[in-house]
């Protein structure tokens, strides 16, 4: 009845979720492709330098940054920057493989006691939630406390992510507005000096640059990052919930087969595991 | 008491929901009609080639594709493409006929045992959910497990569809923005070179092309596809829920008359069945 | 104790809700008034023919129709057309008078038996729900079945109306977009042929026509019809719910006084009835 | 224990909520101030008559009225007009003083019986809900019926107000659309007659007038009235709920001290009363 | 068992939440940075005086103020002004330190009786809610009454804040509308006087100023203030809820260790306290 898997020990290395932190190809590739097409159109048009204007860049990027900071706080902005970095360099989690790893840990804890997990903590650096949770289990923290503390942590992570998403959405709202403001400044300056008609064209071109920058920032940078961050958050939540389930199950010294059943309840069909045969 | 229908066997072929996969006339016809009217206006205007500009097409289509991919993932995009194909080549389900088919299967299972369903599985290729569910029943999977697994599947299908809809809605948001960006690029280039007034008109015409493409893509392609996909999802859900009901009922070896009553509860009035008289 | 009213019989004609199907003055009058003012401004401007342009009409009306059809289905479109007709030629229901009619029917059924209602069915052609429900009662359908079938019907009606409303709202979104697309086509054609300056004005005028048609369709036709349809649906629901209440009460052979109390619970204060004194 | 207040009688006049119906200074003052500033800018600009154009006024005001009527009904429009009048000439209710008045009435009813309230009805003309409710109490209507009837009335009032608010919001949506339509008419007329360049400026000025009227109506008239009406509705609801509470409490012959406690539960902190010390 | 902390007395000063009321650097800094960049662009453009126009400032600021006042009331406006001041000069609360202070007070009340808190009230001036609550406890108000009164107060504060936020959001909607109205006035005046072409440019520049002011006010002033106020409200609510919890716990003479546990339930992980070891 006991499958071979149930006899595994420290000599057998822990399954590691295979894919690792890597550039998110879709995000980076998509943004670069869209920007590249626009750059190409600019270069083909003949005068790419006409699209560079330091004051325009400053008004749009600086203004968007200033107003967005005013909407939130410096700490929130730092958190959003970290979230963006994590969106670009995303650790690809395979829920199925993560589930197998958790089941292995649950089995070890069941067969050799929770203290035996100490030898495996080093291998869990990529899963801080699981690492911290198992540390509490090893320290003998009661199961309900472990679960309550981890749930609160999961909630705090969700709140931090949703704040980062709303910062990017706010920036995507503000940047076209700063672009419009910059264009109005340019238009008013140009209209006040219509004496030399030959300068009208270039002046209007410069005035339109901020609108161009604002539209670019909003649609090619902030919006996709915000959407992607929101989409990834749902996936991360799944793994986090699984970590809470697994740690609580280990702390309660439940049968790992029950954990497998629980994990399968929330795993998408294609990722369901069948570890105990 | 037992109606004649209750004595049907393998010799009597299974009712097949009559209509089959076919081009969705409303979707394809509507999009082609709208595009055709615009084409006609372009051709009547005399210079249709003025509306073709490869770089403009690239900026709008390529940019929209790039940014939308960045918002989601390559896997999501592939899923959306499949959903679009399924929206255009839509299998027309008649909930009423599908219900009759399910009642026939329930009757066969009741009279000859679940194993007798094996002879009918081949006829259910068009209903993968029902096929997979009956396979589990034949394999002796407990009724609750069959129902739980199928419900999870239905939920996963709903999530996949709603993600495809949000990809198309995002594309409908992004394409006019890419059109605006392209027009701004064109305007800035034109304004920087006002020396030869005779080129102003054609340059502006080209600049406006991306706005035209963006408006066309958003309003004539992405928006109707997204709306139609959302509308169809509600219909598909009905059939899926019926399949879950029917499979669970067969697995529980319930009286088919009870299944008929259950199916009629969720069928729209015009599709209600009266199989057992 | 028994008031004189309780002795009414077939010789006494049934109270008919007084107002009948008629043009909805507010809807038709409002749309005609708004259109008339715009027409007047056009005629006063001197050249009304400048506002007629067949290709422009085709692009906006045909394009809006095509795209809206693609968003839904031909069956949905036919349903929306019927809903529009019913919004314009609206049967004005007086919930109070309808309630009195239902109480009379309940009293007849109580005193002479449900079969006696047969003589009155012909007078209920304007209330198909009530007609169909009483037919079931006369046929001896059990009360719970009558109620369940009618509730499902009411729900189906609500869904049909809400789909018609969303079709009109979608058309109100699409028509200005088609207007913009038409104007872009016109502008691009004009900008490509700036040789003869004398044609610029008329060309731009024609280009703007589609925007004008789109704005007109959306704001003077689709939006008011959608709003009115939504508003009427709430009123119709009231009568429908009363019909379900009354039919179920008659099927259950309850005291008509109890029905009066129930109907008064959902009638607005100004329409409450006091039939039994 | 019995405070002096408990011995009050008809000789002691009823506390009247101090402030009375009066022009709402914020609403009227704010709208007049904003309009005045715009008028001043127009007059300073030198040619105020250029801003008067009867056809433009007709298109925008008449068109907005026509379309809004089509969205609702003539009865709804009349209700909205009344609501607007009530928003401008707003009876300023002091919930605290109203509470004291209700407590006095409750005390009178407690000490001298409900019939004694007859002497005070005349003083309650400003509070029709309370007046009507007490009349029912004096007539001996059972407490639950009084409460149920009054609750239905309160609900009906809330629905009427919310319909008036949505009429004004709809008008605020329609008026800029009618302004745009008017401007398009003007532009198309102007573009068709470019022969005399000296008329271009004035023609465009007239064309822009409808856009100006539409923006003015929406932002300076309809939007503030709708917002104010919505804001006032919340305050009125408080008083209405207190009237229901008080009448029901009197009908149930409860101790006025209990009523005081109940009223204080829903009064804002600054308005809480301490009538019985 | 009793830790040293439990023996603290009046000789030991109360922990004061360390940070105090100070300019909110992110809000003020962000707004100033964004405005500064725009100012720099204006000054670099050469003619900063072209951006000053008293009538334009009046129309936009005065008009926005007038319309917003009309939407609400003078009292609401004063409340919003106070909220803005409090957003800019924000008391930085450290929930963790505030929790420690509350636990100290709970310990003092437990060891020396609620009356001993009197010596500490003076130190609580920065926390009016806590101050008022403890005053009620010292006065012997029953625990449930203290809690009910404080909860109502917390709710009233939340309503006041949300009204202030909606005033700023309304102002952010109205100011661009007033900018548009001002620009339309300017354009209409200019178009009526095209005689001297040399004045067209400057006239249009002045006309555009109101649009510029409106965009600036909405995006650089009202929107960030509203967003920040909303964000801060969530933080303030946390402290307020903790004050209610602590005061109710002291009034109920509960063990401070239980209060610590309760406070930790709502504190974010990083702020959780461990006062009793």
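Every chain is named by a letter (A, B, C, D and E) in the order it is written, and numbering of its residues begins at 1.
The rule is simple: contacts are C-beta pairs under 8 Å (C-beta built on N, C-alpha and C of every residue); 3 or more make two chains touch, one makes a residue touch a chain.
Note that the structure is a prediction, hence the values are computed from the model and not measured.
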item	value
Contact-graph separation of subunit A and subunit E, given in steps at minimum	1
Touching subunit A and also subunit D, the following chains	E
Length of the line joining the C-alpha centres of subunit B and subunit D, rounded to whole Å	48
Distance between chain centroids, defined by C-alpha means - subunit D, subunit E (Å)	30
Subunit B residues counted as touching two or more neighbouring chains	none
Contact set on subunit C toward subunit D in their complex	24-34, 37-38, 40-42, 44-47, 50-51, 198, 200-202, 204-205, 208-209, 211-212, 215-216, 218-220, 223-225, 227-228, 231, 268-269
Subunit E partner contacts - residues on subunit A that touch it in the complex	55, 58-59, 62-63, 65-74, 76-77, 149, 152-153, 156, 170, 174, 177-178, 180-182, 184-189, 191-194
